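The letters A, B, C and D name the chains in turn, as written, and every chain counts its residues from 1.
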Amino acid sequence: MKTSFILSAAESIRDAILDHESELESLDRAIGDGDHYINMKRGAGAIVELHAELAALSADAALNKIGLKLLSTIGGASGPLLASFFMSMAKILKEKNDDTITTYAAAFTAGVEAVQQRGKAGLGEKTMLDVLIPVAQQFSALAASNADIKTTCQALMQTAEEGMLATKALIATKGRAASLGERAIGHIDPGAKSCQLMINAVCNQVLASQL
Amino acid sequence: MKTSFILSAAESIRDAILDHESELESLDRAIGDGDHYINMKRGAGAIVELHAELAALSADAALNKIGLKLLSTIGGASGPLLASFFMSMAKILKEKNDDTITTYAAAFTAGVEAVQQRGKAGLGEKTMLDVLIPVAQQFSALAASNADIKTTCQALMQTAEEGMLATKALIATKGRAASLGERAIGHIDPGAKSCQLMINAVCNQVLASQL
Amino acid sequence: MKKFINKVDDVLVESLSGFASAHHDLVKLNLDPNFLIRQQKATNKVAIISGGGSGHEPLHTGYIGYGMLDAACPGHVFTSPTPDQMLAAAEAVHADKGVLFIVKNYAGDVMNFEMAAEMLPFESATVLTSDDCAVINSTYTTGRRGVAGTVIVEKCVGSLAETGADLQTCKALGDKVNSRTASMGVALTSCTVPAAGRPTFDINDNELEMGVGIHGEPGRKRETMREADTIVQDVVNAILDALKPTANSEALLLINGFGATPLMELYLIYNTAAKLFTEHGIKISRSLVGNYTTALDMAGASITLCILDDEIKQHWDSPVHTAALRWGR
Amino acid sequence: MKKFINKVDDVLVESLSGFASAHHDLVKLNLDPNFLIRQQKATNKVAIISGGGSGHEPLHTGYIGYGMLDAACPGHVFTSPTPDQMLAAAEAVHADKGVLFIVKNYAGDVMNFEMAAEMLPFESATVLTSDDCAVINSTYTTGRRGVAGTVIVEKCVGSLAETGADLQTCKALGDKVNSRTASMGVALTSCTVPAAGRPTFDINDNELEMGVGIHGEPGRKRETMREADTIVQDVVNAILDALKPTANSEALLLINGFGATPLMELYLIYNTAAKLFTEHGIKISRSLVGNYTTALDMAGASITLCILDDEIKQHWDSPVHTAALRWGR
């Protein structure tokens, strides 16, 4: 993975977050405390501002730095979770030190596992994991079957969207919405939405660079 | 003066106050603190509740008791002023101990003077005195010229109304509205309005008993 | 109107009862006439009594106790108490050194306390507080209103009284503190008097009321809402105008919330106000930030500056033990 | 949104700066990472550190000082602080007896403090507060939220730490106080997060939110507005359900305002709540009424009951000297 790709992906993510201000804000207002958009904007903005510093680093070091920066910038529930995701991903990339889809899938999966560990949550608890876990599984499967990049990206975006939409019907059992019981039903989880947006942004970035 | 007259006048006054709730309330909201109606209602209600006790007293003792009751019931600026009015009126009635219009006019005038003393205010300061002073003057003049009761009552009601309306154009220099400067212009003084209502109620009571 | 109340007519007594019950170690409540006194009657001192309309809590009930008030007489919401309350309270707390009334300068309060003083069977004096510089004092008005600066007067006079100082000395200190204190308030929303059931004034989402009174009385003018710094700047200027402090003055800065303004905003105001006064050569050496003289549920705040001298400083710093102000014991 | 603020992004730092400046005798502020510590570093004691999203003032910064916290880490409004803040604060205040974190039970706070604890180069323990009984604790949730009861935990643990007690003893007391404490809140209006610029939730003029969270999270249910007594009755019942106190229990009753509710109403709530608990055989022997754990400018209040024992009583009564809680010195 090239660091330059990470840098432009960071910008796409930031733009995607900014583009969905009102949606993210109202989702967290409905079943949380209304700050998820602000948190994500603060985090994404901080990463884009790191541009010069990151550009000088290897991809894995850049991802690790991104994780650390998110850790000290976002706060809330999403901060340590996303930080754990990027730092774990960086670790695998560094260990494997190659440029294969299999490695990327393994790194993504390691990131998702770190989120699970940190948040002590799994599938179906109405969190970002309802997007991340299915995407990680599919990513690994597609990588194992040598699917082409375009197919992979499109499939992952689709899965992310499905996972995000699926949170609507769930009761939350982790995070702030867990105190709502039945009242959480009918609302998409804000963290799931922002993860879907980020996956979308990165996949579209990949697709664009394939043209 | 018969105590029974005082008792029914008290009821008429209470009714007149209750009938003008929204007007009194909004006048004091505009240039005061919004409690004048509540104060007057509390005071008038307390007097009506004293019915049995007052009925056993002479007219002057009843008026004095009314003053004392208002003093401990109304509070605010209007409380001590109206209390002073009734207590001074009672004093003159007791001294003169007769039933002439001249005595009533003198008693009323003494009441108004007590209000002036207590409030250290005079004509044109945008207070209840803008009703009370002209009414007292006219009452004395009409009594001196032996005007009949009907003429007297009608004239006093007219003067009270004019005095009340005249406060609209004034800057306040006493009471809570004194801090408003020019901003008080255009609003009738709440205390002037409630005095006009009381004078009206009593005069109508007299007129009705003349029929 | 949404409030935690039952019947509108019971609000005052239920609230006073809750106060007396929560602070039964400090105060005793008498109902009808309504007044509160210290749990332990003080002896050999001037009795300090304050009072006024309710709705400004913790003023005055929250300041009953060692080092401050001996008694407080709460009127109905925003309505001066009546003389029978002051008389009964004075009867309960006077200790043969006379009674000092601390009264905020409003026609109603002045007249009711005046009548009480006239009827009182023992010596009394009155300190009238008039720190609200929103009202430009001129010959044709009744003078400034008493607002949050009253707390400073009550604290200092209360402290002096504990030393056994006589009535006139206590009054003199109160008058001095008052003359060295100026306040001005800003409202972002109106308050709602429970018995009225609707806001006292209408105000738009983009407006503020500069110089508002603590009963929701209109102020200097209705202005457009803007950044806190420029609002604070205007209030600070009005206070400087009123006090004309000499350079190197030392001062107490009080940022007072009107009831619905969060501490976060009050401290932000403090930050700006302290900077501006400091730029003006004033040394802010004492501070107080919080809800000390409120206007029911009004969103807004006032700034009060009191120019200190050694005597005032000593009496501000001395121990106090009341429900709302406590230090040193 | 009408607030006393300048740029939305500067609210926190300007407010913290005002706080530090108003209380410079008590606290020192560090910016970037943001944390506050006592002006005088304490020695030979467990360092007590708390923190959480801002907007609950005076929680936690207002509780820094003798007998309570050594440091506080304020996050952005309603957003947990980040591990670098806790690490820097711990570095500044630890005194070789370990660090005790007092953390309100929210996923974000738990995870950020957890990561800090993992990175910390010295011994630490954590007390998770979870007094909000609006959230019915069941196997499928992350458990109750920490709300106003946190103040009682901080006061008692802070007192114990001053005696030189060790880390595990301090943690044990914190856990005990938490387990004997239950709270529930009611909102009449929503709060408005400055950066969001609009109310977190919509609520009608005839509605209340029963069991609301201190960040404006929805509660047990949306109900029709009604008389205070019946609202208080429901909250008291929920607390009794949660704590199931034995008859003759002695308790501390805390009526906490959310920021925009006047003291007059809080004392009225106290009056009713104290009566109801007393009818239930509980002896209310300690009380606290005021804004202690707020939710910005939310109109509303919470009721907290803490079942006392001799140890808790002793540590509640011991001297404390902070910006928001002070007695005995």
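Here is the rule we go by: a residue touches a chain if its C-beta (ideal position, glycine included) is under 8 Å from a C-beta of that chain, and two chains touch if they have at least 3 such contacts.
Please read all numbers here as calculations on a predicted model, not as lab measurements.
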Chain pair whose interface holds the most contacting C-beta pairs: C-D
Centroid spacing, where centroids are CA-atom means, of chain A and chain D in whole angstrom: 32
Centroid distance [mean C-alpha coordinates] between chain B and chain A, Å: 76
Centroid spacing, where centroids are CA-atom means, of chain A and chain C in whole angstrom: 54
Interface hub residues of chain B, defined as touching at least two other chains: none
Overlap residues in chain D, where contacts from two or more other chains coincide: none
Chain contact topology (line, ring, star, complete or other): line
Pairwise chain contacts, counting only pairs that touch as defined: A-D, B-C, C-D
Contacting residues of chain B [partner chain C, same complex]: 25, 29, 31-35, 38-39, 42, 71-81, 83, 118-119, 171, 173-176, 178-181, 183
Parts of chain D lying in touch with chain A, wherever the complex brings them together: 33, 53, 75-84, 106-108, 111-112, 114-115, 132, 134-136, 140-142, 144-145, 193, 195-196, 200-201, 213, 215-218, 221
Parts of chain D lying in touch with chain C, wherever the complex brings them together: 2-7, 11, 14-19, 21-23, 54-55, 57-58, 62, 188-189, 205, 208, 225, 227-229, 231-232, 253, 255, 259-272, 274, 287, 289, 291, 294, 296-297, 299, 301, 326-329
